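So, here's a batch of structures to check.
Note that chain A is present in both complexes that follow, paired respectively with chain B and with chain C.
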Partner chain A sequence: MTTYILKRLLLMIPTLLGMTLVLFAIVRFAPGLTTGGGAFGAGGEMKNQQARLAAEKQMKKRLHLVDAEGHPISLPMQYVYWLRDTFSGDFGESIQYNAPVVQLVKERLPATIALNAMSSIIIYLIAIPGGMLASVKRGKAFDVLWGFFTLGLYSLPVIWVGDMMVGFLANPRFLPWFPSDALHSTNTEYLTFFQYMKDFLWHTVLPVMCLSYGGLAFLTKLKRAAMLDNLGLDYVRTARAKGLGEVTVVTRHVFRNSLLPMITIFAGFIPGLLGGSLVIERIFSIKGMGDLMVTATLARDLPIVQAVAFVGSVISLICLLLADICYVLADPRVSYD
Partner chain B sequence: MTAAPVTPALADADPIGTPWFLARRRFRKNILAVVGGILVALILLACFASLPWSLPRYADQQQLRYTYHAPSAQFPLGTDRLGRDLLARFLLGGAISLTIGLVSAAIAVLIGTSVGLISGYVGGRLDALLMRIVDVVYGLPYILLVILMRVALVAPMQTFLMHPDSSGKSHWLDGSAAGQWANIVVLLVGIGSVSWLTMARVVRGQVLSLRDQPFVEAARAMGFGNRRILLGHILPNLVGPILVYATLTVPQAILSESFLSFLGLGIQAPLPSWGNLVSDGTDALNPIMIRWWLITWPCIGLSVTLLCLNFLGDGLRDALDPKSH
Partner chain C sequence: MTTEISPSSPAPQTVSLPLLDVQNLRTYFPIRKGFFRSVAGYVRAVDDVSFTVNAGESLGLVGESGCGKTTVGRTILRLLEAKSGNMISGRVHFDGRDVFALHAAELRRLRRNMQIVFQDPVGSLNPRMTVGSIIGEPILVHRLADRSMIRTRVAQLLDRVGLPSASANRYPHEFSGGQRQRIGIARALALEPKFIVCDEPVSALDVSIQAQILNLLADLQKDLGLAYLFIAHNLAVVEHFSDRVAVMYLGRIVEISDSRELYKNPKHPYTVALLSAVPKPSPDKTGQRIVLGGEVPSPSNPPSGCPFHPRCPLYAKEKDQRCVNQMPPLEQKGAPGHRAACWLT
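And now, the complex of A and B:
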């Protein structure tokens, strides 16, 4: 098992390098990298031409575009230096906030991870039984309606649903059931742990709903198809022939075997969720990574943009690894070596 | 509908006919998909046929005395903050959103099919390399990638479209038009270049199974070149899956565009798209005054289009995918 995980980890290195190469290349050729984009406006405190040139020189050194004496560094070496900085947790300084990017990322990451983790759990908890029922009742009313319902949900743009939720379910004029912004109330330091958790969960209801409903269609369909594939196999006939009840056959035998594609898809599905949290954090004013990314992009704060993309990629890779490990746990046929 | 080779009664009992005939029949039975297809055609027609009317009035229709009028006989969909007629903006926005969806899906199909064909047919090291690239891009959260490409490419593209000489005078387009076009082009390229991955994997898988079939061997034995075998013999067998994934990529691309425009990272005002019309509508929603018409129309347009496209794609998949029945 340990060897297997180690092997998977080693195999991930080229993928990670490829990802970092893409990120490095895109940002390195973005205009305004050394001048701080438009953040220092022409009329700002950097009006002084000399000061601006000095800052640019400083920035070039900081980004390892030139060495200490001012000689240009070759592109491959720039990449190596950038990798070294990034993996040692140095993402540079944010231009907007005037603070180390790593600190901002640390502040923002928990909210995004919490939202995404809760949503993926909810999606799986609904999609698995939904898909199972649909496959057992293939062609019947439940199957057709559930398929229609989830595909309908998938087609509703979250920018609408989110706005409607804020406008109607979190609005004192209509139904003030939920808070409309942030992930906790303002004076949380006086709360006990349970009160804090209650407050947190209450704040997450709407954003998590928004983040979850779109993924149902895909996963339900996947589960249904996997169930149907398995229901036609010989081992199911054997199980039935030895007199097992239909419920046992479905919940014990077919269920477990049809779980495998659901595990495989987990890795491919997290990047999509991360993208969705971009919009949801905006709508619900949650201070997460998505919100950080959008404000940074609008302000052309490149170090933040690059760091968020990097962290997002690393999270996807971790999910890929998790999916691999779960796959081994669920399917004993996979060899460890 | 014309001259079916078997009578309907026989057809149910004994499925004889070409694969395309069978697929058509399966598709027609799927009422949701057929309705979806018809509605998509109608929406496309409405948005594009009205362009000669909606395009000229997109920027200079500010009439401040009509600010925020609710829907009425004069303005069927109401007016916005600047007194512009929302009907025109809705239709033009639809045309822009749909164009972005269609063109970026076309880009994705082109890249995905080529990569899949080459990767599956050539095999070996090239295949390994291409599939690694697919893995890498697959791992990057795709919206973040589109945003990154936007950050890097919009300004150079704008400069390119302006084609300024040394004195800074632009030769092709003036500054703001070049900015808009640069935005659109980068959005198209960005969405297109991250949406081809599934397509490439599907096509590669199909090519792998087709490449050793007797008909390909026969073609090779007759001395046909690789190009002729790929384009003339293998590609026609892939039209089904390509069509299905293309149809499913379009709503995805429209959704991405609306996300980005909503966040202010896509189509820029004054040009409308369904995404930034929703964003405008959100700004107009506040606890004191609910101006519902601003957000309702683009959202309905978006939802209905996505719903129809998804049902259409789903129906096509059920009809064309040999594995699904």
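And now, the complex of A and C:
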């Protein structure tokens, strides 16, 4: 197992290199590349022509578009320089915010991770028992209603749901139950830890609901289908013939065998949620990675776009590795040694 | 049918109560049609089947594929329930208890004494469990041994079926078909049952392995006093194995008899045809092969009268109207205990 994980980690290096190449190519070939300078200078005030040119030249150097003497650098060499900087932990400086990208990502990452972790936990906590119950009660009222409900959830676009939530549940003119923006109130300095946590959870209710419901519906359906596949198999009859109670048959035998599709999904699922964060963080004005990415893209803030995409790729790779490890744990027939 | 002990059975009990008593068993599966899945008819998988099995005896149940043999076995063990439109009627008594009247908890206790070896040794073992937990789980569930004793017990069982005790830590896919069937047998034995339904236990195996498994089953019967309901489509296998044999056709038993008597002196034309299809080991005995014409009729719409008459060589010769109009009763023909359902023999 340890050898396998080491092998996989080594294999991640070429994959990561390939991903950086694609990423670099997409970003550099995208139209509208700007090195900012004037338009997004510090404070946003207009500068004179000379200062703007100087700032732009500085930024071009920083991005390795030109060398020290101002001669343009070839694209492959740009890639090599960028790669060197990235792997040494230097993601450059944001054109928009005039601050190191590393610092921005450090500020923004916790909010996004918290939201996504909470959503994933909620999704799996509801989808697995929900799907199991639906499969056991196949064709009964619960299955039909639950199936209808989850299909409905799956069909709702998150942009609409998010806006409706803000408009109706976080609006003093309707139900002012939840806050409409950010992950904590202002003036949190005087709150105790528990008060702070309460405030934080209160702020996360709506965004986490938005992030969860689609995946929840999808995973429920998937779990139900996987359970039904297994419930029809011969070994389940064997388990019943042993004299096991139905609950034991379902939880001990069928449950484990129907976990594999859930693991497969997990690998692509977390990166997918991060994508969902793009929209939701905007709707709820949460200062997270998604918000950072959207504003950076709109402002053509190259270093941020590259850095966020890179972090996303690394997270995807880690999820893939985790999924593979879970495979081994769930299915003894899978052996990687 | 009343209580009956076949002459060849060892009959260790002085009481003449059979271990398993099946009376007028019927299992119908619904055929659903249309948008609302309304029941359009029934497949009569098992239609009025009665037989008994005595302690320590093995009853062979033969018939071509689709005749309801497996359904009989599963209905008796209540692995098929009268759910989702299945119609099950008749009475099954095991050890004096009405199997169909048991509650879930009582049924699980009954499983200790009634076990099954499945046809498919690959699919019937949970691929994600070690052999040790597959065999040990029923022991644990029925609290026959505590956790510390289970390893020893599993090792004994594995040894009993001729597998190394180290197999306990391995997974089913690491074994060959014959070995997996041995695991299935060890699993069935784990609860020390009195009665085992062997649902075509060797039909998925090579001929050489078949003999090993059959000999294992026979040894276990001798040593542990097991009773078997041995379901097979291969008459040669059943002859080797069974004290008595019941022949099924289209959900009904058409002939039941002491095994030797049946092979020597078959009374039902269907049995005669089946026996003629068994390859003879001697080149001198060529024998006339009876080829049945036509297809097996559908069990959802069985022929009138004797279900065998459209394919029956005797009916083709004699054209007796009773065959078309009336179901022949399963009545004694020849030796005591030999009964067949035919108007013409």
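Throughout what follows, the second predicted complex is superposed on the first by the 292 of 337 C-alpha atoms of A that agree within 3 Å, B and C clash if a C-alpha of one lies under 4 Å from a C-alpha of the other, contacts with A are read in each partner's own complex, and residues count from 1 in each chain.
Convention: a residue touches a chain if its C-beta (ideal position, glycine included) is under 8 Å from a C-beta of that chain, and two chains touch if they have at least 3 such contacts.
Worth saying up front: this structure is predicted, and the values here are computed from it rather than measured.
**Q** Tell me which partner touches more residues of chain A in the superposed arrangement, chain B or chain C.
**A** Partner with more touched residues of chain A: B.
**Q** Counting only touches as set out at the top, which of chain B and chain C does A:Y235 meet: first, second, both, neither?
**A** second
**Q** Which partner does A:A330 contact after superposing on A: first (chain B), second (chain C), both, neither?
**A** Touch status of A:A330: second partner only.
**Q** Give one of first, second, both or neither to describe whether A:L278 is in contact with chain B, with chain C, with both, or with none.
**A** After superposing on A, A:L278 lies in contact with chain B but is clear of chain C.
**Q** In the overlay, answer first, second, both or neither for which of chain B and chain C A:A309 touches.
**A** In the superposition, A:A309 touches chain B alone.
**Q** Now for A:K223: first (chain B), second (chain C), both, or neither, which partner does it touch?
**A** neither
**Q** Quick one: is A:H203 in contact with chain B, with chain C, with both, or with neither? Answer first, second, both or neither.
**A** A:H203 contacts neither chain B nor chain C.
**Q** Taking the stated contact definition, name every residue in chain A that is touched by chain B in one complex and by chain C in the other, in rising order.
**A** Of chain A, no residue contacts chain B in one complex and chain C in the other.
**Q** Report the residues of chain A in contact with chain C in the complex, numbered from low to high.
**A** My answer: residues 139, 233-235, 237-246, 248, 253, 256-257, 330-333.
**Q** Could you list, by residue number, the parts of chain C that touch chain A in their complex?
**A** The touching residues are 77, 79, 84, 104, 107-112, 115-116, 118, 120, 123-130, 137-138, 141-142, 171, 173, 184, 187, 191.
**Q** Taking the complex as given, what residues does chain B use to touch chain A?
**A** Touching chain A from chain B are residues 32, 132-133, 135-145, 147-152, 155-156, 251, 255, 258-259, 262-265, 275, 278-279, 281-282, 285, 287, 290, 295, 299, 302-303, 306-307, 310-311, 314, 324.
**Q** Could you pull out which chain A residues touch chain B in their complex?
**A** 14-15, 18-19, 22-23, 26-27, 29-32, 148, 151-152, 154-160, 163, 167, 171-173, 217, 225, 268, 271-272, 274-275, 278-279, 282-283, 293-294, 297-298, 300, 302, 305-306, 308-309, 312-313, 316-317, 320
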